[in-house]
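Just below sit the structures, each encoded as structure tokens.
The same chain A turns up in both complexes below, where it pairs with chain B and then with chain C.
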Partner chain A sequence: MNNSFWHRAQNINPKILYVIAMVVIAVPLLNPRTTLPISPNSQTKKAFDAVESAVKANPNQLVILDCQWSASTRGENQFQTEAIMEHLMRLHAKFALMGFVPQSRILSQKIADRLAPKYGYRYGIDYINWGFKPAFEQTLKGMAVDIPGTLKEDATHKPLVSFPIMRDVKNFKDVSLIVEVTPSSTLDSWLGLVQGINHTPVVYAPTAVMAPEGYPFLDSGQISGIITGVAGAGDYEALLKTKGSATQVATSLSAVYALIIFLIIIGNVGYYASRAAERKGFAE
Partner chain B sequence: MQHPINHNFFTAIPQHGAVYWLYVFATVAAGIGVLALLQIIPTRYRKATIALFTFLGGLYYVAEFFLPTEKGTSVNALTEYQPFVGTLSQVIGAFTVGLGVISLVGMHTRSVVRQRAQWGYSACLIVAFLVMTVFHLLDSYYGDHVIIGQGGILRAAITNHDVYNFLFKGGLNSLESAMFALIGFFIISASYRAFRIRSFEASLLMISALVVMLGQVTLGTWLTGGLPTDGPYANFRFENMAQYILLNINTPAQRAVAFGIALGTLATSLRLWLSLERGFYFDQES
Partner chain C sequence: MEYLRHLMLPSLLFAAAGTVAILSLVFKENRFYRFFEHVFIGLATGYGVALTWTDVLRPNWWDPMYGEGRWWWAFVVPLGMMFYGVYSTKFSWQSRLIFGVLFGLAAGTVFQILSSQYIPQIRSSFKPLLTNSQPDIAHGLIDMPHAINNWIFMAVLISVLTYFFFAFEQKSKIVQKTATSGRYLLMISLGAVFGATIMTREALLIDRVRFLLFDWLQLNRFMH
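This part shows the complex of A and B:
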């Protein structure tokens, strides 16, 4: 059995890797002073600018913050939702939370409950939670004609028409911006059924693994910006000039990426060194 | 310009109170009636009935999409019925959840009663399902008003909301997050083992992966932060290299994949709409 250093470098016990990863993730999270300087990427800047311009151009229109995530991806989507919601509240934008995932009704409301007192936001007047609705595409088709008629009631089972914020909202023509926070392939439906018809700007906030799917639509101008995972949320916080949880998590993410790159290099060096040693052995 | 929405059977205004419950019970009764009827009729008629309604359901959306719109608008004569058809889809969706619950609980109850292999997991599922359902319903309809326990070793009364929060936040949320977080650890271990430069293609894949990774996080920006933001040297900043790969290499590939998926989806949708898909449930029965 080959027990050389380079052979062992290729076969580190996964348990040791897990412990190292845990330490690397935990240190930046537990020490708030260890943050790397953030330089927001251009897609996040575009998303930020799209939110600013949509709200400023139509201050009385509604922004839809569609939260399609559950607890499983909250490590990314929660920070994105939080950063965007904070931005909307700073701009005094009226917004509606909605989701086609059952848990999102509660999870997005929790974020709103936490931020609302800071900005004096009142439920039903400044923002509303449309709650969970099944049948995603059929509901979008219905909303294109009549939002209150299709959704009927909010997350607390009260009729939508009874809320002041819904007074002038009939369909997507009364919506200034759609922000899609999602870990799934839901963007196509928003673009095909809503953006393509009404030309409502769409900002895409996917998990990092889903982001490449959004680039063709960014290139074609169908989406106005991409906030990529928790790194994008960190960028967004930098644009908001605040240091929230996403900034901290983004540093942790950087540390993990550094660890992965280091391990890949070690593995490859080990691979080539052991191959060279084997060749030398054969030659001798 | 939009069509004015006339309130008729298809665009009914939301109901409240007793009338609302009457609507709910009528819908449930009608749904159960339809399902019972489908069970009674012979299989060949059952298949034809389901195929007919599947076709009609799809036909509405196809017709609504392809019919010309009125001049200067994006609506035609069928557009105003979209909320109704959307509501119908939601109701059918709710029925499928109900059928799913009946099937799931039935299967696991049988497993517990007959004490099949690993029946303990089934018992766990049933208990978790019932407890979560009861406390979620209590929370939805009674808020924080049902006291579950007080006195004794408890400093304060425990309400239904406390139990629900414990189950939802402490249980479901944490377990789901933990499950996904484990994937992160697996990726670290897998990338260390799998990313070996064994060929030219593997080298390309690894280099582009590393550049995109570094271009997405603050570490990459920090590493090449000393380079100018403009001019030829700016091309070597990780965020710019990552941007180039994503926009100029990833985007065409994604477009090609999207076209392929769209064609496949169109073909599959047509087969489903016309009930031609192999494995269509009643093929197995007839």
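This part shows the complex of A and C:
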């Protein structure tokens, strides 16, 4: 009885499962034509619309793209940052990159460097990198009063006031939108210290694990949209009508999710089938 | 030849070896993994120390004090040293003083965050149970989908709040049943969080697989 298919289905060697998972991940990546059709969810659509309407309503105001991520969550946050930055550049929005995580200064700049030539974006005129700043909440409080005075320098240690893009930027009243790309609980501070006071719209782009925490704020209107992890980035790319890396990764993600669901079903059916077989054995 | 040179680029090779080493743990604990784990810890610590100086202390404290003549920044050193009083019974009172100031500042900030973060939450929880708020619904008609949504919201809110109400013993059957349903609803939401956690972990794994396949092995160049 212990050698039955269902019993074995519950005791598959995890190493075999890891190898299968790797193959399932790699196959869609190696076949760029095998992308699944993406139907963007309502949260991502709201985020997309919020970016669109904030930029169109206030074309001369700045958008803050706050990248709170490091290499450890690159697998999700990079694609979100890339999709949003591409959207901002298409809309010819002026934006500032910033981060309270040291690595984000470099990682977000790399994305900007890749996209800027495509849209003719010039550093200091169309966008700027405020760089890494320590003391998150204290910096936000300072920025509420005086952004150039609080941040002082950009990522290359040049005075902020020397850049044309910063000419009319004094505080959060000169900011049309805040996009928070993060793997941490940083949304609370943005909502508490900025959105709750200035009513600046906030779009939340967390890693998937953090996304459920954002739903109550979406429901209450405190945030204008959620881009959930790499799946959200794939949705965003679909709204941009482009098929980039996020779409490819989202396909791999769907494939590996299908595998996990299949294994859960096999495991559970196996459990009930072997229990039924045991009961039958006892009855006989 | 050019491809081989690319494969052997020290920075890429090191990153690829590190990725494979860390992933190898799922198969078996091994020395290759241990070595790269120690390398990673060493790098992270060194990076953190260097960064504290280059991005925090130097621009915010050393340069203003030494380069711009703001000598009064020197007084933050004894204040900072007071934190280390926690390691001595004789000087622990000093650490309590400085921690007290820090806690006071943090508490003030948190209070500000909580009030402007949660008051809108409370406000948004007052939802009309009979609604015709949609503009295309004729006056007097109930917008059923909207109303059902609000009823579900209200039932979930009351159930979960009841579960967390510990001020008195829950003796009434109705209260007990409501609290139990609140617990089940919380378990459903925790299940959703767990599903999302797996999504994140898988996405991070996919990124490393992409790095190995495309950035290092450059398999995409053979696909076209």
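Simple rule for what comes next: the second predicted complex is superposed on the first by the 283 of 284 C-alpha atoms of A that agree within 3 Å, B and C clash if a C-alpha of one lies under 4 Å from a C-alpha of the other, contacts with A are read in each partner's own complex, and residues count from 1 in each chain.
Following the convention adopted for this analysis, a contact is a pair of C-beta atoms (placed from the backbone, for glycine too) under 8 Å apart; a residue touches a chain by one contact, two chains touch by 3 or more.
Just so we're clear, the structure is a prediction, and the values are computed from it rather than from any experiment.
Student: Taking the superposition as given, does A:174 touch the first partner, chain B, the second, chain C, both, or neither?
Tutor: neither
Student: Have a look at where A:52 lands relative to chain B and chain C in the superposition and call it first, second, both or neither.
Tutor: The answer is neither, since A:52 touches no partner chain.
Student: Under the stated touch criterion, which partner chain does A:260 make contact with: chain B (first), chain C (second), both, or neither?
Tutor: After superposing on A, A:260 lies in contact with both chain B and chain C.
Student: Is A:153 contacted by the first partner chain B, the second partner chain C, both or neither?
Tutor: In the superposed model, A:153 contacts both chain B and chain C.
Student: With both complexes overlaid on chain A, does A:197 touch chain B (first), chain C (second), both or neither?
Tutor: In the superposed model, A:197 contacts both chain B and chain C.
Student: According to the stated criteria, A:74 is in contact with first (chain B), second (chain C), both, or neither; which is it?
Tutor: both
Student: Of the partners chain B and chain C, which touch A:212 in the superposed model: first, second, both, neither?
Tutor: both
Student: Output check: A:271 vs chain B and chain C. Expected answer is one of first, second, both, neither. What do you get?
Tutor: Touch status of A:271: first partner only.
Student: Enumerate the residues of chain A that count as touching chain B in its complex and touching chain C in the other.
Tutor: Dual-contact residues (chain A): 14, 18, 21, 72-75, 134, 138, 141, 152-153, 157, 197, 208, 212, 216, 219, 228-229, 231, 253, 256-257, 260.
Student: Using the touch definition from the top, list the residues of chain A that touch chain B in their complex.
Tutor: Residues 12, 14, 17-18, 21, 36-39, 41-42, 70-75, 103, 106-107, 133-135, 138-139, 141-146, 149-150, 152-153, 157, 159, 161, 170-171, 173, 197-198, 208, 212-213, 215-216, 219, 228-229, 231, 234, 250-251, 253-261, 263-264, 266-268, 271.
Student: If we count contacts the way the header does, which residues on chain A are in touch with chain C in the complex?
Tutor: Listed in rising order, the residues are 14-15, 18, 21-22, 25-26, 29-32, 72-76, 78, 102, 132, 134, 137-138, 141, 152-153, 157, 188-189, 191-193, 195-197, 207-212, 216-217, 219-222, 228-231, 245, 249, 252-253, 256-257, 260.
Student: Can you list the residues on chain C that touch chain A in the complex?
Tutor: Within the complex, chain C touches chain A at residues 26-27, 47, 51, 55-56, 59-60, 109, 112-117, 119-121, 123-124, 189, 192-193, 196-200, 202-210, 213-214, 219, 223.
Student: Report the residues of chain B in contact with chain A in the complex, numbered from low to high.
Tutor: The touching residues are 2-3, 5, 11, 14, 16, 61, 64, 74-75, 79-80, 82-87, 89-90, 92-94, 97, 140, 168, 172-174, 176-177, 179-181, 184-185, 187-189, 191-193, 195-197, 206, 210, 213-222, 225, 239, 243, 246-247, 250-251, 254-255, 258.
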